[in-house]
Amino acid sequence: MSIYEKMMSIDRRVLFVLIALSVVIPLLKPLLLPVNVTKEVKHLYEFVDKLKPGDVVLLSLDYDPSTMAECQPMAISILRQCFSKGIKVIVTSLARPEGLGTAEMALTQAAQEYHKKNGNDYVFLGYKPNAAAVILAMGENFRLAFPNDYYGTSIEDIPMMKGIKNYRDIKILVTISGSGIIDTWVIYAGGRYGVPVGAGVTAVMATDYYKYLQSGQLVGLLGGLKGAAEYEKLIKHPDMATKGMDGQNMAHLLIVFFIIIGNIGYFLGKRAKGIKGR
Amino acid sequence: MRTKIAERRVEGVNRGIIPLVAFLFLLAIGGRAGAQSSTDTLPPSPPSEVTAFDTHNDAGKNITINWKLSADDGTGRNTVKGYDILRSESRSGEFEMVGSVVAGISTFQDDKVENHRNYFYKVRAKDHRFSESGIVGPVQASGQWYNTNRTVVLIFVVIFTALVIYFVSSAKKGKKLYIRPIPGMDAVDEAVGRATEMGRPILYILGLSTISDVATLASLTILGRVAKKVAEFQSKLLVPCYDPIVMTVAQEVVKNAYLDAGRPDSYDESNIWFLSQSQFAYAAGVNGIMLRERTATNFYLGMFYAESLILAETGNIAGSIQIAGTDAVVQLPFFITSCDYTLIGEEFYAASAYLSREPKLLGSIKAQDWGKMGLIALIVLGGFFASIHHLSGFVNLFTVGH
Amino acid sequence: MHVSSSIGVWIAAFLTLFVYSFLYKDNPFYKFAEHLVIGLAGGYYIVTVWFQILKPKLISPLFQQGNLTLIFPLILGLFMWARFIPQYSWISRWAIAFTLGVGSGISIPSVMQALIIRQIQATMLPVNFHSYIGWMNLLIIVGVLTSLIYFFFSAEHKGILGLSAKIGIWFIMIGFGATFGYTVMSRVSLLIGRVQFLMTDWLGVLH
Amino acid sequence: MRRQIPLAITLVGGVVMIIQYFIPHQISQEIYRGSLDWLMIIAGFTMVLGIGSLVIHHTDKLKHHREGWGYSLVTLAGLAVMSIVGLIWGMAGDKPFMQIFIYAQNPIQATMFSLLAFFIASAAYRAFRARSFVATLLLLSAIIVMIGRVPIGAKIWSPIRLVSDWLLDYPNMVAKRAIGLGVGLGMISTALKIILGIERSYLGGVK
């Protein structure tokens, strides 16, 4: 077997082992390379930062366990920012029912850190299927979509919800999402009711939403673990995302290396065949 | 519009709070502060030019009040902290406060009113004193029957509807409509044939969306074609489903295809079943099917999310021929790298027309092409006007309000 | 190093390893995890639909508060179940028709506004040749136009149309490349999440 | 009956919802809200169809002892346990339902997703070839973004961040917008055809 054939036929299990190592080793021996903050992350941070204590933010944690690795650090960072500034938060989770568990985990973690009380400082409304319908219904009145909160308390009995009727009473809505639900938020909540919308998405989806940044339909955008790490830097509370960035670096370099090896093999092979052909 | 108000509110805070902080600071340093504040015995000048009117384009029960800022808000002595809005049901009656805003804001919406009843309003500026504007009214709230802010949407919808109806009906009348060849669609027969030769089943994935998704509908149309070929070749078609309604419709589509092919008894309903409504449980399930059934050809047509690569890469490793098509832009790169043919966005919709040659589909592709031409013309025109300074208002014609 | 003493974490860790075993090859451990998750997700689906929709949106308002208009969606919903009885399965089409009709009606103006009008408006950018932004605006306009031309189906891509479509597909491919690159980031992050779980929550070698 | 009524329902439902968009009046808003509730309730009922099909599929396998019937047992057991536990004790907080979710369902699903990191590496190595000009564009743009979006990229070659931002801001945005415009028109025309009764494939091949 010639060298280029070998280069083109590395067993995928070998690649798998290398990828695993590229993530595990940096976690054990972190380099902690600095993180640079991008403008779309900064815009969202600044928007929330300018809010006053007592203002209300609608945070929709529209992801589920499958995208939790990227989305959970964003959710926790934004909750930390709000709680530390005395901003009140209404939390929903509209993408998939499985998202309820992860949303509750993030919410209770941040609430405990800042000693925030359910019903006074935050409300967890929970999940309802048919996100578009729910988003529109909340534009009319939160009570329409959610007569009760996730824990079964009637909205009327929740002190924080007094005087809060619909999107007019919130300053910004931030959706952290692992699915295409942002379009629905932008089209219905932003489009129909004119609420400023900010978003955090998995890296894969981020490119899809630059169009909304450019057209002003999104205030800001966090993309993937890097976006989360940037936000952690802005709120000066480095955590899981920041730690994961080293593994991210290594794995990216390794994948680029794979592409290069594969292509060198491909071109050498093509040339060799070409010569034989003549 | 909303962001503008928000910004102004923020500015308002600064305007309101900085003088206040300065004032408190002066108070704190004693005598001199007392002297300072004693010169400020005058109330702020009142807001002027107050207007109240029924809020436009709303459901009713809402009145908008606008005013001109007090001369001491942001300018003058700059002492105003905010404004209170007061309402009464008669000019001489008692006024009650219905809301307040911070300094720098000159508009308020009162949404606690009844329709078709007279109301009077006044606005007062406040620092530690008040100064009231004159009374305005009577004004009534009512709901409107047409939202003038949305006229541009109406125009677009009407024009496009006319295009669709025109082209679909002319296609039905038998007018020949050309559609350019779509890569991959000519390979469908070959792919089905190959599976038959190998004696392995064909896997058809309708995507992970509901019946109301265009991608799902386009996929169902293509499924009909594929199922007919499968019936003719007497091979096996597996359709694991994500959505229960899509599943039931798919069952009917395939059944009808077998009927058309003249082999209704070969149809086996248990090959079109509900797998899971959980994305990764679904992906795991399909992976299992690909590896265990050793499918020869995999179709991924419809709406996809992150599972796209898991599916396409597993199929690739298994050595199946793969044809993909989706309007999920994010997933397209993965299909492009790991499938033999990939239909991009609208190309996928067009593929269902290309394969089926149904006039209703051909007609709407034609209408969409005309729609695109219209959009291109508008973009060129818009870019041209936007580049010429005093004509840039053209762009604002396309602003849709709430 | 503190290995977890929670049974839950141990179960989670083993299930995680079961799924990773698929990377070597399909095997009974993976199959177990695969079938388990299909079942669990089904159960989760039942429970959420009951607690989040049927109970609060239908059962309570209809039977406790007496909101009788809800009989209609109840009937339409039950029509869906006609699917189970082959000779009456056509009744379910009424419910599907309602869902589709109303859904389509809502989507037409909304899509027109957000995906079409808003986006073409955002493309109507001022072009000039003496600033970076001016040039980039021209690039956006040219890019959108040529990419749109790629999606013309009623004429063959020849001549000027063919050239435009070709430039259009260049834009599209560069765009897809960017998406791919960005996605790599996402997937690696997920892996990091799982590795962090195994090393922190289970084995306790990280803090 | 079987075709006319569903077509009438879609026509009326669709037209009412389109018109509703342009009418701000209270009555129109109430119709709108009511329809949204109904949609949710009907969606709730379809759950039974899905679960029914799943149960039938697996009990079938069990009954006939088809290959892998043992795994069907795992699925059915998971389904039964999860739904019973959830319906009896509820979903929230420290209930067994949530525990099963956190320690069994969640880890399997998250791990499934993270398999993507491995698959993407193998896809990058095996399928990412500079076969043609457009394939090369895709490849280069992917590499630039992959390196440019992580902190280490700036260490290797500092302008790469700017290039990767530019790729995302311009060519990428342009491609997405053009695809979005085409898809948007496709969505609207399909919705129109459903409402007008031209598109009937949802009725299941009834011609």
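Letters A, B, C and D mark the chains in the order given here, with residues in each chain numbered from 1 onward.
Note that in this section a contact is a pair of C-beta atoms (placed from the backbone, for glycine too) under 8 Å apart; a residue touches a chain by one contact, two chains touch by 3 or more.
Model, not experiment: these values are computed from the prediction.
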Pair of chains joined by the greatest number of C-beta pairs in contact: C-D
Distance from subunit D to subunit C - Cα centre to Cα centre, in angstrom: 3
Inter-chain centre distance, subunit A versus subunit C - centres from mean C-alpha coordinates, in Å: 14
Where subunit D touches two or more other chains at once, by residue number: 18, 21-22, 29, 37, 39-40, 43-44, 46-47, 49-52, 54, 68, 91, 101-102, 105-110, 112-120, 122, 124, 126, 128, 138-139, 142-143, 146, 149-150, 168, 172-173, 176-177, 179-183, 185, 187-188, 190-192, 202-204
Contacts with 2+ other chains: residues of subunit B: 150, 153, 157, 160, 211, 245, 248-249, 275-281, 284, 292, 306, 309, 317, 329-330, 333-334, 336-337, 344-346, 368, 372, 375, 400
In subunit A, residues with contacts to at least two other chains: 12, 16, 19-20, 23, 64, 66-69, 98, 100, 128-129, 191-192, 202-208, 211, 214, 216, 223, 226, 248, 251-252, 255
Chain contact graph, described as a line, ring, star, complete graph or other shape: complete
Residues of subunit B that touch subunit D when the two form their complex: 57-61, 143-147, 150, 153-154, 157, 160-161, 164-165, 168, 211, 214, 217-218, 220-221, 224, 241, 243-245, 247-249, 251-253, 255-257, 270, 273-281, 283-284, 292, 306, 309-310, 313-314, 316-317, 327, 329, 333-334, 336-338, 344-346, 349, 360, 364, 367-368, 371-372, 375
Subunit D - residues contacting subunit B, complex: 18, 21-29, 46-47, 49-54, 56-57, 60, 67-68, 108-109, 112-113, 115-116, 119-120, 122-123, 126-128, 138, 142, 176, 179-183, 185-193, 196, 198-199, 201-206
Partner subunit B, residues of subunit A touching it in the complex: 12, 50, 52, 64, 66-67, 96, 98, 171, 178-180, 191-196, 202, 204-205, 207-208, 216, 219
Residues of subunit C that touch subunit A when the two form their complex: 23-24, 41, 44-45, 48-49, 52-53, 56-57, 106, 110-111, 113-115, 118-119, 121-122, 175, 178-179, 182-196, 199, 205-206
Subunit B partner contacts - residues on subunit C that touch it in the complex: 22, 26, 31, 33-34, 37-38, 40-42, 44-45, 80, 83, 89, 92, 96, 99-100, 103-104, 107-109, 112-113, 116-118, 120-121, 123-128, 137, 141, 144-145, 148-149, 151-157, 172, 176-177, 179-180, 183, 187
